[in-house]
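Below, subunit A partners subunit B and then partners subunit C, in two separate complexes.
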Partner chain A sequence: MNQPVIQCEGVRKKFGRTLVLNGVDLNIPRGSIVGLLGTNGCGKSTLIKCLLGLLKIDSGTATVCDEDPWDLSAETKNRLGYVPQEIKLYPWMRVSQVIDYTGAFYENWKADYCEMLLDKWELDGKKWIKSLSGGQLQRLGIILALGHKPSLLILDEPAASLDPIGRRSLLKSLLEKNAEEEQTVLFSTHITSDLERIASHVAFLDRGRVNFFGELEELKDQVGGNLEDLFLKMNSRSEG
Partner chain B sequence: MIRKYILIAKVWAYRPMMWLLAIFTLLIFILFSAITHVSDIRRAFIPPYEYSLNGSIKLSRTSILSNGNEFREFAILNKVDPTIEGINLTPKQRFGRSDPFWSLKFPSVANQSNRNKLDNNFPNYEKALAISPSVRWIRFGKDQIQHVSIDTWSKLAKLETIIINDDQITQADIEKISEIRNLKMLVLESFDLSASLAPLSNLPKLNTLVLLGASSDIIEGSLFRPEILNQIHTLRNLQKLILMPQWDPTFSVFNENNTAHPGWPSNLKKNVREILPGHPTLTDLWIGLSEEERSFHDLKVVQDGMPNVKVRLAHYNEGGIFWASLGFMMTTILIFLCLHNVLSHFSTSYCRTIPNYRNPHLRFVFGFALFAILLSTIVIQLHESVAWLPALVASVFAVTLGTFCASFKLSSPLRAAFIYFFSMAFFALGPLLHPLLIQHFPAFAPVLDQFLAGYYSVLSMILTASFLIISLPTIYWRIHRLSNYDRILSETGLPPFITVKDGARQQEILKHKNKGNQRALVAWQLQLEELKLKSDSWIRSIRLDWMGEQMRPRLHWIGFLFIATAITFAVIHFSSPEQKWRIVPICTFAFGFMCLFNPFISSISRQDSLSTELLLPHSRDRFIIIRTLSLAEKFSLLLLGFFTYVTILNYILFQELNLKIIIRASVLFIPITMAGTGISLWALSVRNIFARGLLIGATVTTLIFTIWSSIDAQRINKRDMFDHIPEIEFGLLIYIVSYLVTGFLLWTGYQRLLICEFDRK
Partner chain C sequence: MPVSSNQFTVSPSSGVPIFRQLIDQVLAFIVAGKLKSGDMLPSTREMARSLEINTMTVSKAYSKLESEGVAQRVRGRGMQISTALTKGTLSKRKSEFQNQIEPALHRGRQLGLNDEQILSIIKKLLGGRKP
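What follows is the complex of A and B.
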């Protein structure tokens, strides 16, 4: 946990006249599991999209694996996995086709590992993408993000559509990967129990700024009680 | 209560798609009204003889001498096919443009003086005529009939129709005709009939007489002068009479002011009314009127004077039929699209959970359907030759059909692909219906024109009443079914239909309900495995990009449309050779449309997956270059097929294939490819619906450019079909401009995509 994988300094992003990110400062250390916490519309997804180059930062600087997020190289993308909030895949393909097709782009695609995850999460490879439920689609999105064993995994509310079993299984997988391969994970959520279960660090995003960033234990020590209380407390403070 | 409906209307009006639809419809109407105005061609189609101005008798089911080779054999070798039933001996037919024989084999014959020499050899034809026992009709040119002997007439036992096309018909010609005892129909096409028709009264079977001429009754020798009408009155067995004067600008020499005589051809109407009544056997009269006298009501004066004769116009107004069919088609499409728009109101569960949601919406839609009927009726009857009642019939029918199509899709979403095929085929093949109607059902067109003009008002009223009685409850019932859309969606696992893109997604999903594409799937997987083994390269990346949409159903639809167009072309080409001049531009249009729209549409539908694809392991620059090259390759392959089609067509029709044509096609090929790619790149990066509308406008412009260029490459006489479109001269300047403009479009599209935020809403 030395050199930060993701660095943000004064990142700002506007949509028209609405300022969504208002000077985000954030350094995510290698090998950490960072939970990005915040209310709806506080800018979690926008920050993630800016870090992936899907949106352009208006001002400030950011790096992902020491590269400008707007123009990430093929090497960096080979080490990057992303699970969007809304999975948009090709509805005219089957599950196994999407996995095969995505795998064709990566140098180190682990087809066996994907097979194993398919079995584990009870996904039928012959099913059409369109026939998958929201939770199944989310699982497939996670499989696609993990298939090349990325060293940096970014997940935008990955557990939102998952049932408790799926959520537990996903969190377990993330913990295992982190322990085995020092994978860095950044995930946004507002399910504080998930965060408590696996996060090593927490970043609290409020009104376009990171109000708090630090180790989970440190945060708990500072405020006392569990994260949900903290979430409510920080929210009421910002509302006040 | 009213406030509720105003609110529903506002929600509709807020949808940009509705506005685009309205603008699109308005533009189409303006464009086509301009075209219709110009293409108000008058023809005569007189059932059952199918006699037309431009080509004598249409006897498509009979065998005729149709090309130079046959005529050569006929005249020089006296070889006659015994099944030949009709012979057109006018020089235009024998040396016409459609007949490449003479110009290819005997270039000297193309020379006018040489043609005249051949005409002077008419006795050869006469000899051949004598050995053509099955001939039923002959069309003679200048002075030809004089060479036919009585002996020859006696050998032509089946001959029943004579057509004479000559600038002057003399008494000797009429005498000659009166020798044909079996003659049933006589057609005189001339400027000058300086003869008496009295000898024709000796023909016992002559029941039909056609007088066609660029003539005026102020001119001595006119075909329509009172004297001739008096002679017609003496033809005791005449049942059908066609009087069709045509205004010829050359007659202006007879007038000082360069215009038609003010009495022309109104005098014809007056003379007919005065002279022909009381004819003992006449049952049908077709009469041509002036440009100003378009309405069938103008015939009323004649009809009133001849109550026992059925009086009809000798021409009909193509423009009216074209306009009404266009209005019908547009209304059907419009109501179909509007009802699709309505589906979004019923596609979510809110329509059940919000109290009093459904019924006001249903009433609003029903009201909209009635409004559409009213609006469509007004628009259709705007054309001067379409009356109110027939316009109402067409509108009610169009709205009913549109509603049926939309609600059929609803009640059976699994068959949505079929409906899509049907709609697209209807749209693509629609322009062919008009020439097909004229070609194969020529008797129907004038009747339809009369119907549209309000000639059959009782029938129109019965039809309107029947349609309204049947349609209104049906429309209400079908629309009522729309309110169950959310339930049908949840039962079939489809996403709700909120935007146009949702509709496309539904189509893609529904397509996979059928399991017939296993083979395609296996082929796709094999191709992917093969690519996986290859090392990274640009070609590999482009092929991978292609594979991302290879299984897309839309490609199959495009394939279907290609096949449908090709089959239509083949059917018309081989069954109706006369119509090939008309269908080539239409088929070219259909092909061009598909070539340009396929990549454009697939670009838009891949917009959603751009963010996912960007994060695959390639840099932004490389990703955009790959996408650009992939699009350009797709375009170039489609356009290559398109230009090959044009070249082959050119060869089939004109037996012409030279380097110039290939160079011209190649030079055009590049800017069109660049334009298509540039527009598609812009389509990928633009999210705003109005900007997309502009892009569609640009695409249509490119399309028109493609069609123009291809029609020009095919050397088709644009004056036939595109009289209203100014000609483009394909000089160096236009090539330079097209390269610069399309290059700019491509470059800006590429640059725009480079800075595009793929996940911006």
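What follows is the complex of A and C.
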């Protein structure tokens, strides 16, 4: 856990006249599981999209695996996994076809690993995408992001439409990957209880800035209360 | 292994940092005699897997136990309950015990117990455990 995998300095992003990111500073150490917390509309998804090169930052600097997110090499993209907030897939494909199709874009795709996850998360490869429920789609989205065993996994509200069993199973898988392969995870959510077990660090995003970043256990030890209490405290502080 | 990882429990949303919960449980196992000097603790990874928590959290708990002299890192084997726990001169150990028991005696008096009653409780507690 030496060199940061993600580095941001003064990252700003505007949509028209609306300033969404107003100088984000963030360093994410290798091998950490970071919970990105913030109220609705505070810029979590925008920050994630900027880090993935899906949006161009207006000013400031950001690096992902030492590269400019806007200009990531194929090699780095091969090491990145992303689960978007809303999974959009081809409704006319079957589950197994989407997996094969996605796998074709990666050099080191692990088809057997995907099979194992399908089995574990009770998804039928023969099902049509259009017949999947929201939660099933989300599970599939996660499998698609894990299929190439990324060393950096970025998830945007991945657990929002999963039932408690699915959530717990996802979190467990993330922990295992993290322990076995030192996978770094950035995980945006406002469900604080999801993070209590698994996060090593938390970042609080508020009005376009990171107003706290640090080890979760240290924060709890010093401030007291669970993550939800801390979340409320952080937000009341910025209001006051 | 004297104490396995599934004998530990954590309550992630309690507000008490998870590493503190682990430390408290190790200390409780020691007090209860389930962990003795020289016993090994479950490995960091085993503990994290079983409790479904971050390995860093377990490492943190173990490091604190180490810095407090409760456990020691043994190369290639993991964390061991410190053999130094029962070391120190008798008078030193006695005075440490005295410091621990003084507040309890004080509390007993506040509760209106006389010496005889306090002694009977202590005897009962001692009687319940093999020397």
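Criterion: the second predicted complex is superposed on the first by the 240 of 240 C-alpha atoms of A that agree within 3 Å, B and C clash if a C-alpha of one lies under 4 Å from a C-alpha of the other, contacts with A are read in each partner's own complex, and residues count from 1 in each chain.
Convention: contacts are C-beta pairs under 8 Å (C-beta built on N, C-alpha and C of every residue); 3 or more make two chains touch, one makes a residue touch a chain.
Since the structure is predicted, the reported quantities are computational estimates derived from the model, not experimental observations.
Once the complexes are laid over each other on subunit A, subunit B and subunit C both fit without any clash. Of the two partner chains, subunit B is the only one touched by A:Leu54; subunit C is not. Rounded to the nearest 10, the angle made at the CA centre of subunit A by the CA centres of subunit B and subunit C in the overlaid structures is 160 degrees.
Within the superposed three-chain model, A:Ala104 lies in touch with subunit B and out of touch with subunit C [touch as defined at top].
When the two structures are aligned on the shared chain, A:Lys88 is found in touch with subunit B, with no touch to subunit C. Once the two structures are overlaid, the count of subunit A residues touched is higher for B than for its counterpart among subunit B and subunit C.
In the superposition on chain A, A:Leu26 makes contact with neither subunit B nor subunit C.
By the touch criterion defined above, A:Val5 lies against neither subunit B nor subunit C after alignment on the C-alpha atoms of chain A. Legend: residue contacts after superposition of the two complexes on their common chain; A:Leu36 is shown touching neither subunit B nor subunit C. Of the two partner chains, neither subunit B nor subunit C is touched by A:Cys65.
Aligning both complexes on chain A leaves subunit B and subunit C separated at their closest CA atoms by 28 Å.
Remark: subunit B residues 493, 505, 508-509, 511-512, 521, 524-525, 528, 531-532, 544, 547-549, 551-553, 608-609, 611-612, 614-622, 755, 757-760 touch subunit A in the complex.
The touching residues of subunit C, when paired with subunit A in their complex, are 10, 12-20, 45, 48-49, 52-57, 60. Within the complex formed with subunit C, the subunit A residues making contact are 32-33, 168, 171-172, 175-176, 178-179, 193, 196-200, 215, 217-218, 220-221, 224-229.
Contacts from subunit A toward subunit B in the complex involve residues 15, 49, 52-56, 70-75, 77-78, 80, 82, 84, 88-94, 97, 100-107, 128, 130-131.
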